[in-house]
Every structure is written in structure tokens, then in C-alpha cells.
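Paired with chain B in one complex and with chain C in the other, chain A is shared by the two complexes that follow.
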Partner chain A sequence: MTDVARRREAPDKDRVLTLLQDYGVYAAVVLLVAIDTAVGSNFLSVSNLRVQIFAAVPILIVALGMALVIGTEGIDLSVGAVIALAAAVIPLYLGYGVWVSIAIALAAGAVSGVIAGGLVAFGRVQPIVATLALMIGLRGFAVILNGATAKTVTNSTVVNLGVGDLLGVPQMAWVAAVLVAVVAFLVHRTTFGRQLRAVGDNRAASALAGLPVRRVLIIVYVVSGVFAAIAGILIVGYGGYADPANYGLNYELSAITAVVVGGTPLTGGKVRVLGTVAGAVFMQLISATLIQHNIKASYEQIVEAAIIIGAVYAARGRAGR
Partner chain B sequence: MASEPDVDQPDPVLEIVGVCKQFTGVHALRDVSMTLRAGQVHALIGENGAGKSTLIKVATGAYTADSGEIRLNGRLVTFGSPLAAQHAGISTIYQEINLVPLMSVARNLYLNREPRRFGLIDSAAMKRDARRVLREFGVDVNPGRPLRELGLGAQQMVAIARAVQLDAQVVIMDEPTSSLERREVETLFGVIERLRDHGIAIIYVSHRLDELFRICDRVTVMRDGRVVHESAMSAVDRLRLVSLMLGRDMAEVTRLGSTAFSADREIQDAPVLRATALTSRRGLAEVSVDVRPGEVVGLGGLLGAGRSETVRAIVGALKTESGSVEIDGATVRRNSTPAAIKAGVVLLPEDRKSEGIIPNLSVRENIVLAALPRISWAGLLNRSKQDEIVDYFIKRLQIKASSPDQQVSELSGGNQQKVMLARSLCLNPKVLLLDEPTRGIDVGAKAEVQAVIDELAKDGLAVVLISSELEELIEGSARVVVLKDGHVVGELRGDDVTEDALMSALAAAPTSAGLVDD
Partner chain C sequence: MSTPNAIGTATTALDGGETAKSSGAGRGERLAAFVQDQGGLTVLVIVFIAACIFSNGFASTNNFESILVGNAYTSLLALGMTFVIITGGIDLSVGSVFALGGVLAGWGTHHGGTPVAVLLPLAAGLAIGAVQGLLIARARLAPFIVTLAGLLFARGLLQAISNEGSTTYQVPKHSSFTALGDGTLRPILTAVVLFIVGAVLLVRTRFGQALFALGGNQNAATLMGLPVVRTKVLVYMLSGLLACGAGMLNASRLGSGVTNLGVGYELTAIAAVIIGGTLLTGGAGSVTGTAAGVLLLAVITNLIGVHLSKYGSSASDLVNGAFLAVVVLIQTLISRRRLLA
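Let's look at the complex of A and B:
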């Protein structure tokens, strides 16, 4: 009786929270777009949309990897530093060919993921501690690789990834679209996705059921590292130079925010891929809207804080039942 | 323990009168009344879902009744919260212990009402008092130790001691013995008798009928949110109680018996599982167990004897330093659960909540979880194959869920356990290790689970059974291996598999030198 009973208690509040959690972020995106279109005349202009895409895509890509990690009840603070590392690697190996340097940048992200995942899976180090160490160490390593001053990157492939178009749409957006599809497929259609949710929901039970718990953990951190490296490459292309000392700062926090606002609970066991996309878009729109109305960045931060608390509250309200 | 005739009853302490409670269309309680009198132990029984928990929650202020009254010492009361009920003298001991595991025993006992000296907590006085109080409850420990270092039984005694210290007039015990071993149960009964002598009224919720007849004065039976029976405990017998709870007629209950195991099964000669000299730093010394196809081998022993450790070691979930596990003559890689499962050994763990179910996954996802790689091609989910397996087990085990998509955490304990059983069975195991397979599930589900175990063994599955209910262990097992302090100290076979023989084996087993040194 109690199980049923508890769920039926206060159904209205429950239902509102559920709806808010499931669809709130999409509704918020639509609402913001509507407001921006109504108030500012040029919001839907091609040039403005491009600006929004360039700003949103790198965080969105990092957030996708982050969502997988969070789905296992983990967290990856190293993503900002991995962006810096990838940025440092690109100019370093461009001499061997652009695809070689891109491959090495991606490999660097994967290695970082193996270290983080290995510490979590085998060393039983808490994810926040393992990735915090990487966050600090990798940033230093990236700056050492690159030297203190930013390096210009003019390779057309890299620059096009950052600012170029394919079929009239920024290449960056294509990359993001492919990655969204890949992650959605992984989560919903593969045994790996099922195992990921199980491990995040109840690690002890998953281990007793014979699931490859360690493999799952390592893979999610590797995906997160590789995705962060991709974001790093795109940022280098967009900026036209590599600046490991400043690239990717606070990206871990923006990515976590996007994931949480998108309705993925920090307690693991659930990954909302489209929600994460909407979360990243929403946070970018908030920022753009406030800038458009000449509201100071400090106020923007306060608004973001309120949104995070609102999102976590909505998630908690349901988890508590 | 026979109660006085109804005319000569002591004063009522807590009266629940005509209470109704609905949850969006579902009647959880319908016109429920119950009268608790000073110095009486009142059994409250019923299957899961009968409304016991809801009634307790209404009585303790966790829920508010839609209609009806609650009177404490004749005065109408409404509790806004469990804390308010506690202050008024109604204390509840839950199945899960609601104390702070990292704090000391003494701190837990005096939490929120610590003795003070100069405005600071007087630790010395607190520890002194705690030791004295706990001795009365049969717990002789250093009160400075963190609570979590105590056994579950001792922790429960601390919880009870705390409740009684709070000047309780009514103590509600919800399945208090489900995690206790026999000796601890005796201590608890001693405590309950003392509470009764002090005029405290007790609501005692339990699935274990034997206990009710030993300790309770009156009994209230609930079914489907109503009270279907109320009388002196001595006025009913076991069979009648079961039939009242289940709402089935007596003949059916008689035929089914109190456990659902049948006597004879065909057992083959060559063992399928051969665990040899399993030794673990954490509690096992050279434990060896063989099981043949069609055989149910019980593991007997008290709490902490190494029963759970043995099955966990076999399935690779408890790290072993030495020893070997063979399935059909082939050695299984040690300390790897995936390897053990691949070889055909599956464990149904004792703690369903923390090690069994994946709460946010659906019934379907939970059932196929472990078998998923086997029914998938290239790591892609195959929906129709999943459905086929899930449908089969939902029917076969009679899992009651609104749909396979229902979240497993919403199911009753018995149905969750069946989901766990289905998860194990769809791996096609050769050996099934069952650690307390019927703990905390209602009478009906229990009989169904037992019947399934019985059938599986008949079909040639080898089963290792752990149960703290002697009756279940004895009736279910063809052979019982007796453990003590991580050693095998004996074995009961054939006609020797009786409760008496097991108890004397446990009592007579020589105290071993303790665990292996290293």
C-alpha cells in the first residue's frame, strides 16, 4: 500500500513538478525565443542565429558528455582543462597535417577520460576528486605545452570547423547534430545505455548482476573527454588562435548547468539527451536576452543561479517521492 | 499470555475510531478502528497492501486521516507530524533504523536531549547513563563506539531504548525481528515483556506468526484497508489467521501448508557446484560446499556465521584470498561476478533494496538487465526479444505490475523479489544462490516464491538457500551445512534435517579459534 499511497499523495503538486521537469525546459526555450522575437526586431535574423549557435555549440557538446557521466552518478570537472589541452595540441601538431593534429587532440581527451574513469572505477576515487585533480593538472600541462602566449591558428580546416558553413549551416552545428544523435542512440538503443543507467542508479546491484561496471564508468569519462576535446578544436577554429590559459574556463560549470536544467538528475540513473540540448540552448538564450537588454553580467549570473536552483528543486521534488 | 475476558480490560490508551484515508480514488483505510490498552501487546497483521503501514502513519501523524478520530488517554488528538506524536508519547520503531550511524551509541540514545553541564554536553554522564540503560535492554557495549559498529540487533535495541526513554505510552514496532537473530529476538521479547509490565501499550507488526502467538495479547487483522478481525490472540489459531489475512478459505490454506516446499525431489549424484576451501580475510575460513543438480542445500548458522559471505564468495562478490569454485568441473575465475554468472552461478542478494533492484528502471529493464548482452546483437537493444522474456516471467512468477513499464520501486516487496528472481532465472543458471529470498514479503508472495524454488529444483537446478526462518530452511533444504564463525562446523542430512537438530548443531558446535589470522 505504502508505495502506491505515497505516490498518490498530493497529486497536483506532483504532476506539476513532473510536467515542469519533463517539458519545462522546452517551454522555457520557446518562451524566450518568443519574447526575444517580439521585443528585439532582429532576433530571428540569420546573423543573430549564427551568433547564438557559435556561442551555444561548444557548451552543448561538452554537456552531452557530461550528461553521460552524470547519468552514472558521477561528475566531470576536467572538461574545461581538456578544452585547453586540445587547444594546445592543435598548433603543436599542425605540421604533421591537420587531421593528425585533430586526432591527437581527440586522443588527448580520451587519455584524460581513461585516467579519470580509471581512478573512479578501479581506484574508487570519488569522481569530483579525481576530475578536480585533472582539472588543475591538465590546465597546467596545456599551458606548458603551448607556452604562455596564445598561438595563431590559420589552418583552413580548423578555422572552417569554427566559423565555416556546410549547406548553409555552420559546420559546428552539424558536428553538434551528429553528436546529439550518437549520444541519443547510445542512451536509448544500446545495452551500454541501459547499463549506464543501471550503474548510475544502483552500482552495487549492477555489480552483483554481473554488469561490466568498470567498463561503463571508463567509457563515459572517455566520451566526456573526447567531446570536450572536440569542443576545444571548435573553439580554436572559431577564435583563430589557441589560448590554453583562457580557453574553457568555467565550461565544466556551464555544462553541468545545462545538464541539470535539462532535467538529468545529479543522482544518476537517468540521462536526458534532448533535455540537455535544450538546457544548453536555454542558458545561452538567457545570456543573450539579458545582454540584448543591456543588463549587466553580474545580474545575469544571479538570474542563472536562480534558474539552477529552480531546476534542481523541480528534480528533487520528484526524486523525493 | 492468555488475555482476560473482554469485560475486564485495562484502560484504553490509544483509540483509533472509524478512520478513513483515501489516496486519489484508492481507499487505503476504510472505517478502521483499533483500541490499544495499557500493558497489552497488540498484533497488527495483514498482507502487504492491507493498510497496516497507512494506519501506523495516520496514528503517528505522518498522514492525516480524511475522517475518523484518534484519542490518546480519552482526549481527541491530531498530530501534525511524527515528532508531535512522539512528544505526545507515541514512539515508532521502524524496520530501517532511523538513527545516526556515525555518532556514538550514547549520542544516539540522547540525541536532542543530551544531559548538559555548564551549557555543554556532559559526555561522561551521558555515557554512564547510556551504559546503564542499555544493560537493561541486554546490550552490553561501550556507548562511546559509533552506532554502525554494532550488529543490527543491537542497533535496534538502541532504537527501542531511545523510544522508551522518551516516556512513550505507546510503542509501535514494525517488523522488529526481521533483521534479528534468534538470541536477539529473545532479548527483544524480554524487553517487550518489561514494557508491558510498565503499562506501555504496544502495536506489534510482523509477518512471523510464531512470534505473535508468543508475545501478543490481542490481534487485529487487516485486509484491503479494512479490519476483518479483532480478538484475543488466544482465541484464534494459526490457520485461521492465515486464512483471514489471505481472504481464502481454510481448506486451501491447509492444503498449501505453511511453506510451499514439497518433500521429495530427485537429486543427481555428481555435484554441479563445488566450492572448496574458500578463505577470505573478511570472515571465511576454508568453507567448502557442494551442490548437486536438483538439490537444495541450506546454509545454517546465526547472524555473522558467514552464510551471506559464503554465497557472495562463490559468486565473486566477496574477495577471497584462496579456495576455488568449480562449475561442472571447470574452475571459475575468482573474484569476478561476470565470470561466475557466465559459468552459471547467480546470487539473489539478501538486501533487495541496496543490492537488488535498480529502483528507477522499469520492471522490464530490471528483469532483462543481466541477460541483456545475451539477447542483443552488437550491443543493440532488441525490444521483441526482451518482451518475450519479460512476458514469460511475469506470467510464470505472477508478477503484479500495472505494466512492464512500471518503475520497479513502485512494486510491493514481494513483487520486487519476484522481479529479482526473474532477473536471475533469465540467465539460465545452473546454480542459484538465494540469500533470504522471502524476507519481508507477505505470506502469499512468500508461498509463491517457495513454490518456484521447489519447481526449479525439481527441474534440476542446484540451489543454495539461506533463511533466518528455521521452518523455511528446514522444509526447503535436502541438506543443511552448518556454519559458525566462518567455519563449516557440521552438516545435517536426510532425516536429521530438523529444526531441533539444527539448533543443537548450532548450540553444540565447538567454538572455533576465531577467524583466520593474517
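Let's look at the complex of A and C:
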């Protein structure tokens, strides 16, 4: 049944629910911005907006990759560890030139994705287990590569990616914008996007229909790994040092939260790219709003928990139909 | 132990899948079944013997004691996780709930003494488990997401109690509460007794059978008239109780409600359960396997601590991650061969 037909049959209450599911996260973002602007005098100041961008972009980028994986009914718990791995690789290879080290960091993310995707596609290991193994193993590997103490990174290209501007806007934001455009194009305008949704809807049927299921699965995990590596590079640039023991901790949870709040169902078959962007922005705004009102971090976590439950509860109606 | 797997097979047979094979099992298949059920134990024995022979400093009473005591309480998280995973669910909240149990116990020793310190964490664990279970069983939300929220909630709650982690509630010197986790024998005995109770509960009771039936095929379990919602709520309550209780016992042992404990413990617990042969898809698994999984991870971590101490825990993380991947891959390949055979 198509979405249109389903909506026509649905009674009013369901229609409201559907609207809420589809546009709720955008409305919530607008609402929060309005509240913050009205209450705090400097919310829309350039310096504050920059702070928000620097905090939101790495999670947003990781969430984009995560959204693709979740679209195939998978999950990628390894992203935080991949961030750590990318952070460990950067100072290690800076001696060969900055672009070489960035390329190796991205390649490390891709290799992690190949392993995760290979386990899921060929080994038929459950995504949560395959990426859990990587999550545990890769961070250990990253810390061994780097040594236990953080290394300073002063290379101007890397640092500029983290804190520098291009045309008055943080370079980080440009990176995010490009990646959002690429993913939106991939999901909505290409055969690959359709195949991805088909695999997420029903892997067995997609295989019987002759779709390249294994290729699709490996590609989404590779994209997720590479995106996590990009986030890792940006975080190194922003911090000015590489600290694999601590970078990217809990990023998998933040990214999954952004995706779910953005309206992408965990059951697969659907990817909401702009919703994911709004989800990441929303979670950052929540945190900023609570900080602005001097609400303690502990309550912030409790609020986050409530938001996650609220978001999946709202999404439940559609999945059940 | 082949009993739990037999039950799992019997329930999956309801979808018309596996009936034929369980009767006509060949030798290769029995070997495959053994590796899947007791693979963790097999590897544990091999690693243990190899470590005793080749490692200086591994085989000593002191070291064995430190391995067992060091893992006695965290092993309880894996015990609760075993039940949850057998129903096809997952509980990501146990690490945070473990830490919450310790903080509540420490808080309790200052606000009413030992009874509060013991009962409050147990009640909190049950309550958190009940809420999670209801959201999962009644509202039909995904266990992964519900318990992820539970992880955040428990961590937030414990930080609110401890002034953002800045107040650590020390157990008063002469409080009778410290007696609970004292010495080397008590923690080990506690874990052993609870694992035995858990194994009996799983294999010999109606509740245990219901867990396997639920994980094998929830629709069939419903049609058979099993109390699906009640069983699911109970299993998350059990997991919450074990996690919070383990945190409480740990606080008794440490003499303090340490606030920054438990991060990532849920992952170690899940890894131990999977290495122990419990399938993440639900419907099959055993408590003895989980015990072997816990011990295997503990022995590896200990060995690396003895020999590669300059890398700290990262080397054991690397090896444990690799172990998990290999074990799961082998299990998946075996279970697929059994399904196709």
C-alpha cells in the first residue's frame, strides 16, 4: 500500500499522528530556536552559533552514515571506535604529508566498514554483534597505535578543518553540507537508494528479486565507517590533539538517537536524510537550551532518555500498521 | 548442556523448520552442536591449560583468586543478560544500573543504614526493569532503544544523586553493610550460587521454558497461551535486579558508591553471553555457557594484564573484540549449516 492510500483511509487522529511523525522534529527545532532566541539574548550571536555548529557537526556526520545502515535494518556500534582509530592514524602519518594521513584515516574507516559489512553480508552475523566486536576491538587497536597519552596535532590543514573558516562559515559546516547533499542524492535519486530501502524492507525478497544485497550492505557499512573517520579528523582538528582513548565515546548512542528522533524507523526500509539532520540539530539544541538555563548534565541525560522514548513511541503507530 | 538447546529446537520447530534434524543427528552435526553450545567452555579449557603451561605468573592461587573475585559481581550482569537475550531482547542499561546500584547503596548507608542500603538498590533495579519491560512488552518498542534510554536515565539519576558525580558516598567504617562483600569467599560464593539458581530457573521451571518459547517464536508462544507480556516484563525486572544488586554488592566490597563505574559493562556482558553460545536471535542459550564466556574473557584480560601491561586494557580489548568476532562467525556458520542440513 502506498503512503497516499494509507493516509486517505486513516482517520483524523492517525493523520495528526502521521503529520507529527513526519514533521514533528522540524517543528521541535523551530520551537527550540524560538524559545532560545526569546529567552537568551545572545542565542543568535555569531559566536554562539559557531559553538553549536562545532558541537553538532561531528555527530551529524556520523548520524548520516548511521541512517543509511539503519535503513538496511542494521546498526553500526563501531562508529565511536572508528573516530578513535582515525584520530590515532592522523598524527602517525603526518610525516608523509597531511593529505596522505587524511587518506589513510579515511581508508581505515573504509576497512572497518568492509569488515563489518562483510560479516553482515557474507557471514550473516547480526549487525549489532559484528559492529560490537569492532567497537571493542578497534578502540583497543587505536590506543595501541597511538600510545596511552594524547598527541598534539598542530598541522594547519587539520586544525583549520576543525576550527577554521571558509567564506565566513566554519569549514566543518561545509563538509557537513556536502555530505548531506551527497547522502540525500544517493538515497532519493539513485538506484542504490532504492536498493537500500528494498534490502531494509525485506532482505530475503530483495535477494530473490536479484538485487545485489551483499554489495548494498557492504557499501552502507563502508560509508558509515568513512563518515565516522571524517568526524574523527574534524574532532582532532577542533581539539588540536589526538586522544584515541577518549574520542568518540558514546558517539554511537548520540548518532542512533539523532537518526531515531529524525524519524528513520529502526526496522529499516526508510531513510530520512533531512530528518536525521534535524534530529542531530535538535539534540544539540536541547543540550544547549538546558545548559543555558543552568540545568545540570544529569537532568539533561534524563531528558534525553525521555525524548528517545517519546520519538520511538510516536513512530510506533506507523510501524504497527 | 544440551537441554536448553533441545528446548530451543523444539520451539523453533513450530515454524516447521528444524524438526527433522533433531531426530537424525549425525556425528558431524553433534560436534557442531557441541561447539555451538559449549564452544566457550572448549576454548576456555584450552586457553586455561595453555596459560598454565606457558605463562609465568598466571598459575597461582593469588591470581586465580583475583580473577574470580574481580569478575564475581560483573558476571551477574551477564547472567541477567542471558535471560534477556534468550527471549530475543537485549538490555543495554545494565552497566549504568550497576553503577546506580552502588551509588544508591552508598547513599543508603547514610540515610537509614544497612537495610536501606540493601533494599533501595534492589527496589530501584526492579522498578527500572519493570518500566523497560512494560515499554518493550506492552508498548512494543524495540528493546535496543528502550534500554538505551534506560542507560541514559540510570546514569543521569546516579549523577543527580551524587551532585554530578562530585559527592562519593563512602560506606561508614563500622557499618554492617561492608560484611556483604567482604573477603574472597563471599563474592565468589554469591556468584556461584546465583549462577546455579539461574541455571535451574532456566532449565527446570515453567518461567525458563517460557523464555525459550518466547525467543523461539513469539507468535507461537502467544498462541500456546503463554503469558507473553508478563514473562517479558519479568525478564527485564530480573536483569535490572541482578545489575542493581551486583552494583550494591560491589559498593559493599569497595566501601564506597563509586560514580564512574560501569561504563561499557553492558558490552562485556553481551560479549560473554554470545561467546557462551546464547544466540542473539533468541530461543537458545545456557547459563553454563555464559559462565564459561565470562571466565574466558576474564582469563584473556588477566593474561594480557600479566604480559602486556604496558598497553593496559587496550590490548585485551583488541583480543576480546577479535575473539567475539571469530566466535560469532563460527556460530553463525554452524547454525546456518544446521538449518540447511
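FYI, the second predicted complex is superposed on the first by the 311 of 321 C-alpha atoms of A that agree within 3 Å, B and C clash if a C-alpha of one lies under 4 Å from a C-alpha of the other, contacts with A are read in each partner's own complex, and residues count from 1 in each chain.
Convention: a contact is a pair of C-beta atoms (placed from the backbone, for glycine too) under 8 Å apart; a residue touches a chain by one contact, two chains touch by 3 or more.
Keep in mind that this is a model prediction, so the values were computed, not measured.
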item: Partner chain in contact with A:Asn202 - chain B first, chain C second, else both or neither; value: first
item: Contacts of A:Val33 with chain B and chain C, given as first, second, both or neither; value: neither
item: Partner chain in contact with A:Gly210 - chain B first, chain C second, else both or neither; value: first
item: Chain B versus chain C as contact partner of A:Phe192, first or second or both or neither; value: first
item: First (chain B), second (chain C), both or neither touched by A:Val312; value: second
item: Larger contact residue set on chain A - chain B or chain C; value: C
item: Partner chain(s) touched by A:Leu274 [first = chain B, second = chain C, both, neither]; value: neither
item: Chain B to chain A touching residues, read off their complex; value: 23-26, 28, 48-54, 57, 63, 225, 315, 317, 337-338, 340-342, 347, 349, 354-361, 365, 369-370, 372-373, 376, 379-381, 409-412, 423, 427
item: Partner chain C, residues of chain A touching it in the complex; value: 75, 119, 123-126, 128-130, 132-144, 148, 245, 253, 256-257, 260, 266-267, 296-302, 304-306, 308-309, 312-313, 316, 320
item: Residues of chain A defined as touching chain B within the complex; value: 1-5, 7-9, 11, 189-195, 197-198, 201-202, 204-212, 269-270
item: Residues of chain C defined as touching chain A within the complex; value: 90, 135, 139-142, 144-146, 148-153, 155-160, 164, 267, 270-271, 274, 280-281, 311-322, 324-325, 328-329, 332-333, 336
